[in-house]
Amino acid sequence: MRLVPKPPGSSPVRTERSLGDDLAQRFRAVRALTESLCAPLSAEDMVVQSMPDASPAKWHLAHTTWFFETFFLGTGAGAAGGTGEGGPREPGFTLFHPRYGYLFNSYYDAVGPRHARASRGLLTRPLLEEIRAYRAQVDARVAALLARQLDARGKAVLELGLNHEQQHQELLLTDVKHALYSNPLRPAYAPPPAAALRRAPPLGFVAHAGGLHEVGHAGPGFAFDNECPRHRVWLEPFALATRPVTNGEYVAFMEDGGYRRPELWLFDGFAAARANGWEAPLYWERHPSGWTLFTLHGPRPLDLEEPVAHVSLYEADAYARWTGARLPTEEEWEVAAGADDDSADTADGGRFHPAVADTGRARQGVAQLFGDVWEWTRSAYAPYPRFRPAAGALGEYNGKFMCNQFVLRGGSCATPAGHVRGTYRNFFYPEARWQFSGIRLAREA
Amino acid sequence: MRLVPKPPGSSPVRTERSLGDDLAQRFRAVRALTESLCAPLSAEDMVVQSMPDASPAKWHLAHTTWFFETFFLGTGAGAAGGTGEGGPREPGFTLFHPRYGYLFNSYYDAVGPRHARASRGLLTRPLLEEIRAYRAQVDARVAALLARQLDARGKAVLELGLNHEQQHQELLLTDVKHALYSNPLRPAYAPPPAAALRRAPPLGFVAHAGGLHEVGHAGPGFAFDNECPRHRVWLEPFALATRPVTNGEYVAFMEDGGYRRPELWLFDGFAAARANGWEAPLYWERHPSGWTLFTLHGPRPLDLEEPVAHVSLYEADAYARWTGARLPTEEEWEVAAGADDDSADTADGGRFHPAVADTGRARQGVAQLFGDVWEWTRSAYAPYPRFRPAAGALGEYNGKFMCNQFVLRGGSCATPAGHVRGTYRNFFYPEARWQFSGIRLAREA
Amino acid sequence: MRLVPKPPGSSPVRTERSLGDDLAQRFRAVRALTESLCAPLSAEDMVVQSMPDASPAKWHLAHTTWFFETFFLGTGAGAAGGTGEGGPREPGFTLFHPRYGYLFNSYYDAVGPRHARASRGLLTRPLLEEIRAYRAQVDARVAALLARQLDARGKAVLELGLNHEQQHQELLLTDVKHALYSNPLRPAYAPPPAAALRRAPPLGFVAHAGGLHEVGHAGPGFAFDNECPRHRVWLEPFALATRPVTNGEYVAFMEDGGYRRPELWLFDGFAAARANGWEAPLYWERHPSGWTLFTLHGPRPLDLEEPVAHVSLYEADAYARWTGARLPTEEEWEVAAGADDDSADTADGGRFHPAVADTGRARQGVAQLFGDVWEWTRSAYAPYPRFRPAAGALGEYNGKFMCNQFVLRGGSCATPAGHVRGTYRNFFYPEARWQFSGIRLAREA
Amino acid sequence: MRLVPKPPGSSPVRTERSLGDDLAQRFRAVRALTESLCAPLSAEDMVVQSMPDASPAKWHLAHTTWFFETFFLGTGAGAAGGTGEGGPREPGFTLFHPRYGYLFNSYYDAVGPRHARASRGLLTRPLLEEIRAYRAQVDARVAALLARQLDARGKAVLELGLNHEQQHQELLLTDVKHALYSNPLRPAYAPPPAAALRRAPPLGFVAHAGGLHEVGHAGPGFAFDNECPRHRVWLEPFALATRPVTNGEYVAFMEDGGYRRPELWLFDGFAAARANGWEAPLYWERHPSGWTLFTLHGPRPLDLEEPVAHVSLYEADAYARWTGARLPTEEEWEVAAGADDDSADTADGGRFHPAVADTGRARQGVAQLFGDVWEWTRSAYAPYPRFRPAAGALGEYNGKFMCNQFVLRGGSCATPAGHVRGTYRNFFYPEARWQFSGIRLAREA
């Protein structure tokens, strides 16, 4: 199943070549996907916030809409919505609701004050139907603007809004998964797909020569500011694993006392494991008959051949140390992925669960770089040399988070099709486990 | 407006005289009231839990049903539901759902393990419609049992279940009020009633002689076990205020620096006030134009004549000390109320907001002992002499909470009609403010 | 060993009959005892604060001195120290150090701001020798005043200061015990006394008739304000245990799963036990060879015949429920103790560890009402009818704590001789365990 | 004042050229310096721990001794102290005290369990004199071993122990500073040095060309494992400030609302500033007459010309953004420092307070790279390519902390002479402020 068809004959990320019609079509498709992701959910499901890191599904619906209203229709200057930079993009711009900016601003200080993140789950109002009306109205207003000529800045902001909404599509899924898991009834989001019984290929390593390389986005096509500018890095020779670590391999680590051996862990990692009582990845439950894994299709017996997912950086790092290997740096990952940028084939966007690696592909090189599980790198999230965030509120998109988090690469089974690329930098705190985060090993060549 | 009509010609609390038909009618009425209280709420409104002390409206609907299923239809022995005391009361008893006991058990350890209280707001499932089906099925099963002959124990458990559900009706309202207030949009639960502009009568005190008195419930009629047994107490002479403290009087305390003067406060109270940043009762908001009060009808300007509500014991105690008076003991309150047990007239059950005291009534004695606001006493909640909790799980109803809480008397504007009486003991932790809790002064005579 | 000899021929608590000389002698004796209690400690031992409830020994030395300086030499009005009530008692009063009031005021808001309680352990300065100089100077100034004629108010304040210092003598010992226990080396405060191997007498109950009684202090002699006024109470018939519960009896409760059976506990108590991981009283440690008890003489094997000590109210209450009995109310305790006020014989003041009950004495009635272990009552600490705290800062001594704590009666092995009496009310939060707090059972007669 | 004289004619870090005598002399000198740093302190001063990050001075004395006992005299294998790798280095090795390993192990899991870090301040025992006896005994045993022939491994471990002790000399000073500041009396550690009134030179930038460089330690001489291996990095052109930011410059940031403008801050930084109430660097206090700075010489008026110290990474980063510059990466810093490695001249080791930059020196290039204040870099602390920690417990020295911390470079006024070098990597969590941490700006060239 693919929820978003690729635009025929063109990459979705080439904004330069997008005509107004193309953008309008993509806008409709992205917005529709968000709503289709909510189809299996009740209004009640969409209210809750199961932890401060997560947001209610209803909030995702509203926030992504607020983003277009604020930054595309308006001026990005908040409730005032009008005076900066020659006025809003939409003629006659008025806010849908005077308080929605307060409720649905995520973290843009330049736009104005906002509702406390940890209290998003208390927003029973606006009701889901009111949020849907908000979406419909903003969609119509955006469509009206797209029917006219857009300047480059307008196109760029719309493109950013689409990519932003795609990021929230993935968060919506992972947040829903966490919320459903928080319910003792362990309800499923969707019926299970047909089982694909297959064995993962043996683990190998592919050597890379190192030397002076370029990483980062150089265009054409859309990229987030944190992927820029493209720049040179020196790499020592290294080798990258041919596929992610499987559940079965991870069980061997656990059975070897992995969670009780401090010498395998970063100091902060072992402290986090003890403080949180970690004894297995998130969503694993020990039953008399063996490990059960909670998935978006409900609980099912652990498939040892699938990639391990929902591990923190700390667990990924400890596992790697246990094997004698290490995690790759983000630059190593990107250089290795350069010859294999087939994200379109691997980010499936509909199964919502990582697949067993494909033996055939892995024989020819690395498998599953894109899709299935995000791959923790050992690289702290930091600005690239000469990085400059955008001016104004949109400059807060990425730059202010470049501290205390780690980079993940490659997308997951919950990433919308066409959203990732070789230069894409995702980032989470090292203790985060609710994303589809897995392990790709590296070692010295 | 009165939501529950009094049964004609009889007090609702006289179980001895209740025939099966009478009980069946009361069962239907109480259950219907709970549902009518939810009528203004959306399914989304009914999911959230705005603080650990509160519960979602949906949870109240389910828990009160679980109470009847477990203790009236079943054996009170939990999921096993059958083997104790000669089997369940309902022939062929089976659980509606095997996991609902886990989800909707509040605190009965003897029944079995339970979902964490602070996580009740994560229960998007069962959906509201499923809870309604649960209620309907249990209602039908209870009705079927009520159509036959009930023994005294069966009648007593049903009576307890009805009183239990009435307590949750009040909690449902106060929990909804807190949840709506937690939303920056400050939505209303119900449209405002017609304003009754009147002035509170001057505050006076009525003297009582003291001496040897009896307090506690001696029947006939229903009472909770914590009201028993009736017993003697020696009281010194005292005087009780003719009405509760008003908002206007409380504002004077605030304007005299009440919240910043430690000498007026209990040590723990001043610490709580500082830790929580209290500067006014809960639901008061300072606006440039003056104080606004959030009510179940939405925000409105503070009416200085109304009884002050939503204060903690600490604030009540500090206010009393500021006036040179004190709070009454629960025994003083009960002895004073003995001659004035007209709860039926004062607990209105539909306005959901305390009324201004009635000048005419207060001239003849004390006003508003029942209804409007619960009145904090200085009495720590403790067992009466020779108190014995019931055997089995129902013994957990009251007894295990007799520590660290304080007694409140008299019911409030959110108490269902017919639920309170002169011997009724409500209890909350001293820092609790989300109930309609107010201040009745006392002093030495 | 007795550290404070009783004044020959007179009770220490009869202030009316005290001449100046007598007071001066008692002042010297009490002050000297405090210092002798510190003799086994190094300066380093006297700095630390092992938990917020405790205070460093050095702080106790300084605070008790500050009390005399502030309330006896000065006016009780803080740093100003002069203008109220016609000036300070000491002619030419000046503060020893301008900042000591800030450092060593415990909780008197009327005197002025103060150092945070939980940070007392950071006060490496003033050095111990500076505190000793402070004590010596204040002692000399008090002695000079005592050499003249004192009015009744002066005598009363001095008497209060002596009783206050005695309370801190006990706290000093219990705080030191906790601090030493917090050290993995488990050092001893003093060498062990000679072992007294004997068996506790069998547990019995002595019946009391109930009826109208008087409790509270009526003079002559010193009492704290919280013991006043004497007043009537009505008691139902009851029976009081002939001795405190022993370690052996408590072990039986533990072995019967006492710490894992919620039905035996107050709700808050079971929550506290789980939150704190309680599985035994404080200072018990499980070793392969059996239970070890940490005492002020270091660790030693648990003596099953000794009274159990260092239990919280919650544990005392759960233990009582397990036996089918209950804790006494404070009024029951006081009425029962009325015929047995021999505190002078039981509070030993030098052994610092509870003794095994004496068989001979217990045959004739109750044993160990005074000394050995404080006995938890089920009574929340509350003001007596018509209680009025003193005016000014000294009114903060007791009154503002009459909330959330429970009354203990009878003194302990760490209480100075002559300090307790039948009307004495000690009070601690229900989870407190670092005092020598034990269990006296009661039941209905 | 210089507390450690440089060994005549040789660098202290050239282990290859050290004879046994040289090592023995250096051992004596380093050990003596630690003790001389404690000379101004009382035993009481040396017990306290003012926050979990800090340690008592007494603990530093013991821990550094434990390090030599465990890793140099013993086998590094903990209490067993004997069986690994062919036995301990010291013939007839026995532990000074069987429990000291538990008390004074800082974080070496491979050595065994340990006392909780946050409870180090409770260790009144062993007494200071016992710790001194421990030091003396271990010193004598080490000296005896040094009198014989040491193999290379023995020399390396001793060298590590000396460098380890030097790190604790700095921590001892910064921990004492924090402890003294925690006392409302604000006592001084040492009398103030003569004031050196001078003005800081104007701020300039020195450009560097970028390109392929080598960083990291390549010998000869001692280095920590985290400085290795030396490796190539590609740098873009950059410029480095000629001196650290001064207090006066930082005041301008504060007066421009720096602490209240989220757009200047990393997201986590602004959250930390709000959560901790930061409005100025640590040790700054606002008085009516202006800012006062707490120093190891007590409080004194803020000197606007001195380098700002005691800022977190977050404040350093926000300050840099406010100026339009940024912090350097650690590689930029090291490359820039390469031509200016005169650490011996700048780390003064006795003044314990950062000095005003020297105008003369700064004209010729950058000033104060070494000494005065540690300089925050924007580089997260991470392993260098091909980094391998040592085998065994000593491998825990640095490697397991390579997460969540940031690198600081250059040493401070509290760093012992001869301890830093151009490749030296210090690291702290980004919110840490109790070190002498300051700001060196960088920008694109």
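Read from first to last, the chains carry the letters A, B, C and D; within each, the first residue is number 1.
In this section, a residue touches a chain if its C-beta (ideal position, glycine included) is under 8 Å from a C-beta of that chain, and two chains touch if they have at least 3 such contacts.
Only a predicted model underlies this, so the values are computations on that prediction, with no experimental measurement involved.
Enquirer: Quick one: which chains contact chain A and chain B both?
Expert: none
Enquirer: Between chain B and chain D, which partner chains are common?
Expert: A chain counts here if it touches both chain B and chain D, which gives A, C.
Enquirer: How many angstrom between the C-alpha centroids of chain D and chain C?
Expert: 47
Enquirer: Using Cα averages as centroids, what's the distance between chain B and chain C in whole Å?
Expert: The mean C-alpha positions of chain B and chain C differ by 39 Å.
Enquirer: For chain A and chain C, let me know how many angstrom lie between their CA-based centres, rounded off.
Expert: That gives a centre separation of 60 Å.
Enquirer: Would you give the residues of chain B that are in contact with at least 2 other chains, written as numbers and ranges?
Expert: Where chain B is concerned, no single residue meets two or more other chains.
Enquirer: How are the chains arranged in terms of who touches whom: line, ring, star, complete or other?
Expert: Graph shape here is a ring: one loop, exactly two partners per chain.
Enquirer: Chain pairs in touch?
Expert: Chains touch in the following pairs: A-B, A-D, B-C, C-D.
Enquirer: Could you pull out which chain C residues touch chain B in their complex?
Expert: 107, 109-110, 212, 231-236, 262-263, 265-269, 313-314, 317, 378-380, 382-383, 385-386, 396, 400-404, 430, 444
Enquirer: Touching chain C in the complex: which residues of chain D?
Expert: Those in contact with chain C are residues 42-48, 50, 58, 99, 102-103, 115, 119, 121-128, 179-180, 182-185, 187.
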